[in-house]
Structures are given as C-alpha cells and as structure tokens.
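Listed next: structures, encoded as structure tokens.
Both complexes below contain subunit A, partnered by subunit B and then by subunit C.
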Partner chain A sequence: MPEVNLHASAVAVREIRLNTITGFTGKATELLAQQRCGGLVDQPRSFTQCLGCSTSNAACMVTLVQDGVVISHGPVGCSSCLHEFAFTYRVNAPLRGISHASQRHIYSTNLSEEDTVFGGNQKLADTIRAVASRDDPRVIFIITTCASGIIGDDVEGIADQAEEELGIPVVAIFCEGFRSKVWTSGFDAGYHGIARKLVRPPRQKRPIINVINFWGSDIFSRWFKRFDVTPNFITPYATAESLSYSSEALASVQACTTLGSYLSGALEQHYGVPALRAAPPYGVAATDRWLRALGALLGKPEVAEAIIADDHEQFLPQVHELRARLKGRSAYVTAGAGHGHSLLAVLAELGIRAQGASLFHHDPVNDFDNEDADALVAMVHDYGDVPNLSICNKQEFELVNVLNRIRPDILLARHGGMTLWGAKLGIPSLLIGDEHFGMGYEGLVNYGEAILESVENDEFVKNLSRHSVNPYSKWWLEQPPYAFLGDDT
Partner chain B sequence: MSKKKDSFADEGLAGAIFTTETQVLAHTNVQHDGDDPLNDILSSPVGFIEQERYTCAIGALQSVVAIPKAVPILHSGPGCGTMIQGFFERSTGYAGGSTSPCTNFSETEVVFGGTERLRKIIEGTYKVLNTDLQVVLTGCTADIVGDDTAQVVNDFKRDGRPIVQVDTAGFKHNNLVAHSDVVNAIIDQYVHKFAANVTPRSDKRLVNLFASIPYQDPFWKGNLREYKRLLEALGLQVNVLFGPESGGVSEWQTIPRANFNILVSPWYGLPIVQNLAEKYGQPFVCFGHLPIGAGETGRFLETVAAFARENNAGTNRCDIKALIAKEEQAYYEEIDNLATFLLEFRYGLPNHVHILHDGGYVVGLARFLLHEVGIVPKEQFVVDNTPAEFQDAIRADLAAASDKRVIPLYFTADAGAAQHAIRALKHRGRGLIIGSGWDKELACEKNYDFLSASAPSPYRLVLTTNYVGYSGGLRVIEDIYSAVLATYA
Partner chain C sequence: MSKQPKQIAIYGKGGIGKSTTTSNISAALSDMGYRVMQFGCDPKADSTNTLRDGASIPTILDLLREKKKVDAHEAIFTGYNNIYCVEAGGPAPGVGCAGRGIITAVQLLKQQRVFEELDLDYVIYDVLGDVVCGGFAVPIREGIAQHVFTVTSADFMAIYAANNLFKGIQKYSNAGGALLGGVIANSMVHPYQSEIVDDFVRRTHTQVMQYVPRSITVTQSELGGKTTIEASPQSTQAAIYRQLARRIDEHHQSAVPHPLEPSELRDWAASWADTLVAIESGEVREAVGAGI
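Let's look at the complex of A and B:
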C-alpha cells in the first residue's frame, strides 16, 4: 500500500490521495470498469445543496475519546453540532461497558473578526492552557476550521509548544471544510493526528484486535472470544492510553473500509500490526471470507471454520425464511460509500432487488490499494450488477427526483435527513443508526426483520405523503435526476 | 446520591479551581464584588467558549427558515448548514437543512472567488425550488476572500426577484445579533419595495411583534401564537412574521403600515425596531423579559395597552382590567388547586433554582418561579453573550423582582464555566436547574431536578408549546413537576 507519512502535519484529502469522486451516474459495473482503467473522472454539479464538513467528521473520531478534550479553533458556529456527540457518548456508553459516562468537554476558541485580522494564534495557545487546567485531560485535540485555515494560524507549532509545556499529547488535526467535498476526509484527518501524536511503539504484543468503528453494538466480542482475543475499540470510548498501545494488537479490522483503512494501514506500516484486508462482513459470502481471513491472520483457520459452521447452522435457516417473505420486494439505498456497498450486499442476500443507490462518494482505490478490501467489488462479484448507481454527496434534490421516479418498496438510509423524502413520497423508509446491526449472519436476520416491519407498517408514511409539503418544482421533478451533473445545464 | 465517574473525575476539577465550598456558603447574594469567588471561576480573559448555547451569525438562516416559503441560500463553506441543522435539530422547515442551496466553498473558490458559483446556485434555486423569498447568507469563507455577494444578488433584484443578501460571516457575530441583521436586510431590501404604495403607520390597529428568535428560542412557535392571542384580545392586529401564525411574505409587506412595534427582549432584536423607527417613524415599546405567568403577563398587557392608547390604536373599547381578571381567574384556579401539592408534598420538591439561559428567560423565569410557584432563584447565569451596555438594565430588571432578596446574576458566554460555578455552590434543599441539554449531566451530578428549556435541547422535544403568557406559566409548572414526579418510581 502507499506510504503513510506520519511526518507530514496533515494527510492529503481524498480527492488528491485516492482520486475520490462525488459525481457519477450509471451501473455499478460501469463504475468499476472505469475505476479499473483509471478513467473515472469526477463530474461537478452546477446546482448544489449543503454538504457535510470534514471538521464534524474529525470531531466524530476524537470527541468520544474518554479522557480527551476537543478544541475547535474557529468561530463558534464551527462546533455547534458537536453536542450531538456528547449525547451519543452518554446514550451508547453501556454498549462499551461504561456505566456512568462523563461529560464531554467541547470548546470553541470563538474566533472574532479581530482574530481574523491579527491572527488567532495567541487565543489558541491561551485556550489550550486554560482547558488543560480546567479539565486535566490526558489528551487535547485541536480541530481546524475554514476561518483558521484561511487566515493561516500556526496550529501545528502552537500544539507542539503546548505539548512540550503540558506534558500531554496536544494533537493538531487539519480538517478545514473547504479543502474537500468528501467529508470523510475528516475521519482521515482525525486518524492521522492520532497515529502521529498518540500511538506509541508497542511494549509487547497483546491478545487484542483493533476494531476501527463508530459506536455500534458489539458484535465482535462473540466471534473474538473463540479466537481468544478481545476487541480494542477505536476511537469512540477509547482512552488516550488504549489508543497509544493499539500498536500492541495482533491485527486491525474495520467496520467499513472507507472508514478504517487509513488508520489500520498506518498501524501496519509503522508498528507492524497487520490489517485485515477482506471487505467487511456483510452478507454470507463476505462474512465467510472475512472470518477466514481473520483466522488465517491469527493462525487459527480451524476456529474460523468452526464459527462459520456454527453460525450458518444457527442463522441461515432464518435467512432462508426471510427471503421467502421478502420475495419480490425492491429497495433503494442512500448511504456513505463503504456502508452503502455493504447494505447492497445485505439486500441481495435477502433476495431484495436493489433498484439503485445514491452513495455519498466513491474511492476508485482504497488506502490498502487492494481490491479485496473494496466492498463494491465484493458485492458485484457475489451478487451481480446494480442499476442506477449514483455517486452523490447528499444532494437531496437528486434523491427526491430519483425516488419519485423509481418508487421502491423501501428506502434504506444510513445518514440523517434522507429518510424524510422517502416518507414524504409514501415510501417506507428505514434508517438503522447502528452500523453493526447488519453485520455477520445474524445481521441478515436483523435487517430482514427490520425491513419487513417497515414495509408492513406503512400507515404513517402513507398518511404523511398525503399531507406533506413539497418545495421542489414541478419542472424539476420532470427533469432527468442528474440534469445538473456535468456542465450541460 | 453521588455518582462514580468512569474517567477523569469532575469532582477533582471543581476542587482544583475552587478550593473550598465554605467560601461560597459564606458569600451569598453578593455581586459586583471582587471577593466573590464565583467571579474567579467565571472570568475568562481568553474568550473561548465551552458548551455552546448559541451559534454563529449564519445560524440566523433559521430566521429565514421560519418565514413560510422562504429559502436561505448559503454562500459558505460546506457544512455550515449542517452545523446549524445539528445545533438546533428537528429544524428543517420548508426549505432549510438539506434542502438549502449552498455554494459549498472549495479551494477553487477560496483562491479565485466564488461569485460565479453563487450566480449558478441562485439560478438553480429558481429552477428547482418553489419559494416566495430568497435570502443569501454569507459564511466566513466568502467574507475572508472578499466576494462581492451584493453585486451578484443585485443582478437578480434587477430582474424583479424577491431576493435579499446579508453578511453573516461566523466570526463577526453570533446568531442572536445576526437575527436582527437578517430581519433588517429583508425589511430594507424586500419589504421597502412595497412601502412606496402605502402610507407608513396607516393601519392604527396593526402592530409588528419582535419577540422570540426562531429556533434559538425552542418555544418560539408557541410563544408567538400566545402573544398574538393576547394582543388580539387587546383589540390589536399583530404581525408575528415567523411561523404558522404569520401570513408569510404578504404579511411582511404590511410591516410599514403598522402603527407601532413591540419588542420583547433584553437586547437582541433592538436594531430591528430602531431601523423601523428611522425608516417609517414607528415608535416601539420594549418589554425586557419574557412575560411568564399571571403577574408579568398582566404587566405586559398593561404596558402595551398604555402604549396603544398613547398611539391612538383604537383599542379604547377593550377593558384591560376585565381582560386580565378573566385570564387570571382561570389561571389562579389552577394555582389554587395546586397549592396543596406545592405546600404539602412530603417526598421532596425543589426549593431553589439555577437558570442558564438568555437574559429574557432568566429574568422572566426567575420572577415567575419566585412569586407564582415558590421556587427561590439562587445564582443565575445569562449565557447569551449579552453586550456589556445592556447588562446593567438586565441586572436592574432582575433586582426589581424582589424587594427583600438579592438574586445573584452572572454573565458569561462560557457556559462550561457557569457549570463549574454551580458545581461549587451548595444550597440547602432540593435544587432545580433550567438550561440546555448540556446541563442535564450537571443536574445528574448534583442530584438536582432538571428542565430543558434552551438550545441545544437533545433531551427534549418541543413542537408548539408556549412558555409565555398565562398558559405558558402553567405549562412551565407542569413541566417542572412532571420531571420531579418522574423521579419517584
């Protein structure tokens, strides 16, 4: 895989590092054919709605570190949605065995107009010291913003100076929103900061496996137990110390290649922690492969075979039953890149026809530079093509248009805000926040049952569709959904 | 009940910053005093903010969302809209949230300027969305690179489009200040176009009401409805301008015809009524805090009624005394019925309260709880970044709440510091905290009752509830004691 340069203060955004695109429409096979010949070119849009921001995604990866504090170096607005992570931290803490979640410590340097003229360096330096004294944290994360980036504050220099003075890691994370249309770049930025400033050389190997994930339910412990290893969850609910010694793990896995490959790659290259390259375990075929790859990596292939045999016996009869009940149903998916591919696999495994998908970005290569890790390649290999695959960074107007045409039996969504439009059109819409809900063989049963429940209980969306308002023009709903893609308007 | 912490303990923090609790106990009811130990906790020369209770200037896009069929168009970095959506939650309205068009500043626009991009986005807006009013709001990026946004918008104005432009760079102001900028921009650039055909102040009964800031006041919809109901009972006609009780842009067009303006606010919104005074010669009457419960609502009605008489609003036929008596009869029937519970409930009710809110709520709730519920306001915290010139008036307003006690009042935008101050305080009896979702954890720590009544409010759902007026007071009582009784299980 390409070198992960931990000497550089910032990691290149995805558009540059992975040639990532946010505009495409066609079949899944067409997308893969173009990516293989290096011919995939991003298509801009001449009309756009609000995108996500890298700074939120960087914050997402550091705010839930138990003993850390986060300083957003920018105007007060650049951190105003971070209270949602404080909520998440509290609500999901029991899933990680934490009975009393502590309050999150989230700060804004509150840059003013004067600061944009004279620079915000001193304010940042003063804030770091005040925060260290107020909260006595084990690590301080600084996330940058458009304003601090454009005025050119020396965030790295100030962080280094404070680190030396305070004796705790002070991690500068460069995640200005304007740098990337792919907000997933913010995850990479957070991981880059952690890899270069927190992770230390291993003292010894320990029977732990790094799980790079969000805050979903713990499906891993049940599997890992049979390999005599335990999960080391990264980064939500980790501590500064558990992150530092993630270098001691036997391996790293990720809930999603898009999310985890940069950090697991960094741990492999710099600390010799092997990264599992198989596409994440969604669908029977991918789960078989993933468990076998893990067994091979841990030198315990027989344990993998035993888990596969046991889980097949326990769950596949239920999957067969669900397939019969879901027969003839169709679906549309809207999700981030990696998880969207996984949801398409889950649908195919359940015998539901995917009429299309709107995925927020597409990485033609991943950080492993390895097709085995590409969940879309795996999905097409296992289940065949998907029509109407669009790469669209949450452009609601396109989604509304396409849903209005396709009218699937169900809309599966992974990110907030998208289900509303399924529901307004009377389409049962399901968002499962827990990204591990569909994992493994058990996950197929979970999803199958949730989809059935949504499809059967459609009274609410039918009623909503009769009464909801629609700001989209008649003209627009009659245009092809990707009319603004490319420069043809 | 003291709760054990899972990570770096908050108990230790309070101790580190504030050495002994006895200092506070010995020091009740004193403010403006160099010896007040709370001042040490609350004084922050650095200017950072922990736990944001408001957002940046572009957050005033919610004031556009609150106007029926208006659309905010963001000339800003990607994610500004998402940040605002995340701060307020459940706040999409007609065309806010993921529907709002945005230029999504990238490196290209930062280097070469984004005005051409903005032009395309506005053109697209007219094609894709059906809207009555378009308000272009700028973010930090557009402002720092110096885009001439007004020139682009003027081109569309020349074509007769109902479009308005306003500078809302996040580093300039917060959303409480920018709310006035947005409203004034709509008045100056849109409403004023219709003023040529009407005589200012020609409709003697008509008034414009400027009270709750939409979404920043979680109860804005209900409050505006209740103000309107009460003022109509006085014989006035009321433009509330925002929300379902307003008539959308056609109501805005009647602003110049109003006889006078009513401002319910300790400071925010003042530039609006000043602008209207200058533009149309409309006088205004100010009520500095929210009228919650019978006493203050009666005073509010008397104040407005007197002002209406002075301005010949033709409300003389309204018997204000009879109106108040009728409302009070129903109100006190409830309080009378409740008194036994308040006085006799043997298992414990809160006897004192700390409020963290904007100045209007702090004073309004403190007056109400003291006189009409019997909960004594102890230290109060105004966390809305009140400009210095208004602070003395707010202090005087709270001081006038009682002739026998002094209620200590502190101003800080750093609500995290306010929490540390409360942590360090100790009063006899069961306490109540009224604040935002951030304060739920503080209330848990102190084993206090908690009422969520300010943004951000992740733990509470508010639809059309009002806290102002007679019914609002009763609702506050219901909310407090429902929370209290829910602890007995």
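Let's look at the complex of A and C:
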C-alpha cells in the first residue's frame, strides 16, 4: 500500500507515489490490463500545449475553506488565476445552504527579483502577521510557488513559528509547479498540509461521514439521514474546526476516487477512519454497491436495502423512459480521471454509446490500495469496454482532432473551456461543473434530461460552427490524433 | 516505532577538509559500533570516496536525471565498516541550482523514510562550503540535523565562512532549526593558529571540539583512497579523529552561536594581523587569547 508519510513536509508527487501517467491511448480494457500486470508505462509527448499548475490545484483545495485565508508565496503572477476560486465559492454556496457567501481572502507575497536574490522569508513572515491581524482567520494556508521553492525559502519554519505566535494553524503547502506533471499532485499537496497541521488526533467517534469532494450539490444528506449520520464535507465549505475533527468520522467517502485518494489514505492510515471500498455512486450498479458497502460499514445493511428499494422505485421508471428516448445516441467525454469514469458509467446506464474519452491522468492504484474503489474497473465490469480512451492532460489539440473524426452526438465536459471545442465543430456540448449532478439514481435522470435537452437543441452550435474559425490547421486535423504521443524526441 | 538517529551536519569553507574530517568521524563512529550514514551534499559528489577505496558512487540527482522515479535504495551504497554512503550530487559547474539539488535529494530520502528503515544511529551531512542560499540551509532547518559542527582553519576566509554559518544557524534557531555544537579546528600547525580559533570561538560563544593538526598521514591515506581510521588506525592522527568522534557522541547540548557583525569581524581580523606581524618579527608581547 502506498504509505502516507506525514513526517515529510512535502507530499510525494503522484508520478512517484502512485505511478500515475498522463499519456496513453487505447481501449479501457487495455489500460486496465496494463495496470494490473504492472506494465503501465507513461507515454511522453514530443509536443504539448500548456498544463495546469499544482499551485492552482492546491489553492482550489484550501481557498474554499470558509474561515481560512490563503497566501501565495511567490511572484504575483502565480496567483493571477486564484480569483476563480472566489467565483466558485460564491456561485456554489447555495448548493450547500450558505446564503451569504463570505468574501475569499487570497494574498500574494509578490516576490520580486530582489526577493529571489535576498530571500523571501521575512516578507512571508510579515505577510502572515499582516493577514492575521487584518482578517482574523481561523487558519492560514501558505501555498508555495516555483520561485520560493527554487530559492529555498524556509516556508515550513516560518509557518511553524507564526503558528506558535498567533495560536492558529498556519499550514505550509508545498506545491511548486515544476515538481509534477499530474495536476492532482496539487490537490494532494493541499490535503497533505491539512492532514499534517489541521486534523487533530481523534478524541471520540462522531456520527459523521467525511465526504471528500468539490462543491457539488448535497445529495448525501438525504441518504445519510436514514443511517443517522451527517456528511462532513471536505474541503469546500468546511471550516478549520470541521476539518480538525475529520479524524473522528465513522468513514470517508469520495465523490471521485482520484480526488479523495490521498486524504482518505491519510485519515485511514493515521487515524483509523476507514475509506469506503466502493467506486463512487454513478450508475445503478455502482450506486447499489456503494450504498451496500456503506450499510455494511455502518452496521446497517437493512437501511441500505431500504434506500435502494425506495430510490429504484422512485427513479428507475424515469431512467427507463430516458433510455428509450436516448437510444442510438453517442457521446464523448472529457473530464478528470475518476469523474470521467463515472460519466462513462452514467452514459452506459442511459444507453448512450461512449465513443471515447479524454481523461486528464490515470492512477493505476489509489492511496488506500483497493481496486473495488476504482471507478474505471467498476465501469468496465458493469458495462463493458470503451474505445478511444485517451489519457491526456488537457492537450486540446488532441481533443479537437479526435472530436473532428468521431463527431459524437454530444460532448460531455466537467471543466470550463473544454466544451467550446465541441461547439465550434457543431457538436452539442454539455458542461456540468456540479460533480454530484449525475450521482445516484436521480443523477441518471438529471443527466438524461440535460443530454436530451442539449442534443435536441443543436441549432446554436450548428450555427456557431458555420461562423467559427478553427485555429488548428487542416494539416493537423488530417494527422492521427496521437501523432505526438509515444515519441520522446 | 524505530529510533530516531542523531543527525549532524558538518559545514565549512570549500577545501578546508570537511569531507576528510566527516569521513574519519563516520569511520570512527562505525568502529564504535554505530550504524552510520554519510550524506554528501556537494555537487562534486566526492564526500564518501575515502569510505569506498576512492571509488565514486552514482548520486541521487544522477539517478533522477535518468528516470523520474528513484527508489532511494538505488542511491545508497555501503563503504568501510558498512557505513551507508549517499551523495546528493548536483548540476555541472556554472549551470542550474545546486541549492535546489540539495532540497530535492533530502526530500527524496525523507519521503521514502530511509533513515527510519535503516535503523541508523547517525546521519552525518557533509555540506559544501558556506550557507550561500536557502538550499544549503536545508540540513540545518526543518528539524533535519540537530547539531552542526563547522570545520575551520585559522585562515581568515575559513573563519569568515564559519561566521556566516553561525548567522544561518542563528536565523533558523527560533524555528526549530539545528544548533551549533562547536568548531573543529583543522590544519593546526603553529600555536598561534589554535590561538586564533580559540579567540574566535570565545567571541562567538561556542567551543572547539577538537584541534586536528595538519598531517602527512591523512594525505597518504587519502591518496590510497582511504580514511586515516582505516589506513593507519594506529597513527596519532587516527587517535585524534577517534577522540573527536567520541566527543561528538557524548555531545548532546548545542547552542545558538553569536556571530560577529561584519565590522566586528573586520576589526578582529585586523587586530590579529598586527599580532601576526609581531610574531613574525619576533616582538615580545603579552599573550592575547587563552592557551598561551
């Protein structure tokens, strides 16, 4: 089992910890066969477009903590995109019952050329104190950048010293962009800091289940209520306090195994909070299994059976109806690893043929070392193979090429900026940022209706395609989509 | 839970004899029955050569250059008396960032919990030169090394480097960093040299761990690719290194040094310049420091 080592200040990146890859093309079954025999090899690209940065992903994990503030220790450009998380926090707050979303407090130490020469330690120390007195936060997160990492500022030492002085957790998060090509390493860095500095050793058990997720709608409370437990959402809309007692939960579940992998592993290995061994509940089969696994873990299998029976009765007739209306349709998916697998399951459950998927990375193993929680394994087991599976860290030139060839009836995307490629080609494209929208039995109804609405209202994208200019040349669109994959020149 | 090794870092100006001293300390500690790792933090990557018959070993950063995933054990070799030898390595002269190299190498071993796994009694970091940047300060912060010793001669530039190290230690001392154990006075030939070092340690509130005379035995041993402890165990010089190792073993309480300010250091050096001229010219003066 990959060991979660909370003694080291920096988390081991995914390439090293989990053998995660960002380059592959083939069938889903081929990918799984390679991962099972230990033969999974990352295929490099001889040309790539830009990638996301770990510092931004770490910021994503900690900016949405209600009573925390974030300090980016680096040049101001490294924090130029972080305001996006303030937007995310504000617009999704109603999904979690927060009527007045407070302002996010994101700072930069604005390292200058002079600071890279003389060191930024003092500037960081001063910033922490200024931020503490200005905002009175319950926790301060410091996210590092390439500049502070290379000059070797003592971020950990300064954080520890400030923590002692201020009496609140000051969490150093090591997320320099150059350390990893896998964007989720930034999530791990955020979780690593939280697990090291915020989570307290348990004093008692609480009737809560940790839900490691993004900012999706709350589908869990309805289910959990029948088990007499409540969700402890991590990290969006959590508080320093609620994160601190996550060690006292009865279990941890994740909306997406790749997202929850590290923190679930940390809470299990260090505080004995079991990670639920089931793929996230997308599709009927996976939702049945997930509820049963939860019922078994909580010692309430009869409650799980009751929920399954009730929800089947309520939602499956609508699912059958949608299947009939969606019959013969095809789709292509672009999303992060775990959630992309779940979307493929949703499509299969609705009777839509997945023509392929472009997923941002692939973990052959998770931090609690369990194949039952692997959503791709579950999807292939429940619904069969998927062709044209590409592991591709948002290389849009590959996506455009593939879409141009495959021409699915709909493109499903989880991330802003991806659907435009489908729309420009006249392909109806559906962006759903709420990752819980397709969860459970009602999620199938939600997605089915949204897909139907998109494919039946394609006039806009058709019109758009007639008037848009594709920035990629005819030459490139005629090349094989993975022409630059597997060539290390 | 496995025991925590005693971790010490040895700093000093380039060419002052750090690796020689460190390797002899490692060898002597291993002779005392301890499980020792010597961790060279110098892009030259020759810290551990005399523990391995003069042979070089692949460095952590060499391995990282070849493949992105390195099992720390691939970079650990055994030398004299089963001392574990590791070299951080680094970029070629004039390119890249040697400081970041040290951060990367130390992180790799920490993340893989190598020190705990090998059940070590001692980890000794042999760190290049002066504390020139944040990377070179890594062994003295983040709770890595507990004690720092600096090797210096009576040469002004070596003392200048030692004083800089003291500043680094003082800076990190409030944040749980390593503290100063003392000074190893190397290449002692004339009495006035030990007197200069004595005067410096008195002013900076530290101590001399050992006076190590310049010795042809050391040179002979090194040319044969060995430490003095291994090549000439009966020699006077080996006895001195063993005494140093025993003192380090018995040393438990380090302290925050009081580095001299630049003007103080300059004035101090100037006063010694006058004294040395007087010694050269045979002028009779009252003794300046302790020990004369």
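In this section, the second predicted complex is superposed on the first by the 486 of 489 C-alpha atoms of A that agree within 3 Å, B and C clash if a C-alpha of one lies under 4 Å from a C-alpha of the other, contacts with A are read in each partner's own complex, and residues count from 1 in each chain.
Here is the rule we use: contacts are C-beta pairs under 8 Å (C-beta built on N, C-alpha and C of every residue); 3 or more make two chains touch, one makes a residue touch a chain.
Treat the numbers as computed from the prediction; the structure is a model and nothing was measured.
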- Query: If you stack the two complexes on chain A, which partner ends up touching A:Ala309: first (subunit B), second (subunit C), both, or neither?
  - Reply: neither
- Does subunit B (first) or subunit C (second) touch A:Ala296, or do both, or does neither? neither
- Message: Residues of subunit A touched by subunit B versus by subunit C: which partner has the larger set?
- Response: B
- Report for A:Val41: first if it touches subunit B alone, second if subunit C alone, otherwise both or neither. neither
- A:Gln161 contacts which: subunit B (first), subunit C (second), both, neither? second
- Message: Touch test for A:Ala33: subunit B only (first), subunit C only (second), both, or neither?
- Response: neither
- Between subunit B (first) and subunit C (second), which does A:Ile151 come into contact with in this model arrangement: first, second, both, or neither? both
- Task: With the two complexes superposed on chain A, say which partner A:Asp67 touches: subunit B (first), subunit C (second), both, or neither.
- Result: first
- Item | Touching both subunit C and subunit B, counted on subunit A across the two superposed complexes | 150-151
- Note on the structure: Given the complex, residues on subunit C that touch subunit A span 68-69, 97, 99-100, 103, 107, 110-113, 133-138, 141-142, 172, 174-177
- In the complex of these two chains, what residues of subunit A are touching subunit C? 3, 5, 7-10, 12, 15-16, 19, 119, 149-154, 156-158, 160-161
- Task: Flag every residue of subunit B that touches subunit A in the complex, lowest number first.
- Result: 3-10, 12-13, 16-17, 44-52, 54-59, 69, 71, 74, 77-87, 89, 92, 94-95, 97-107, 109-110, 120-121, 123-125, 127-131, 139-141, 144-145, 169-172, 174-175, 413, 416, 420, 437-438, 441-442, 456, 458-459
- Item | Residues on subunit A engaged by subunit B in the complex (per definition of touch) | 46-56, 66-67, 71, 74-84, 86-87, 90, 93, 98-103, 105-113, 115-116, 123, 126-127, 130-131, 133-138, 145-147, 150-151, 176-181, 183, 239, 394, 396-397, 417-418, 420, 469, 471-473, 475-476, 484, 489
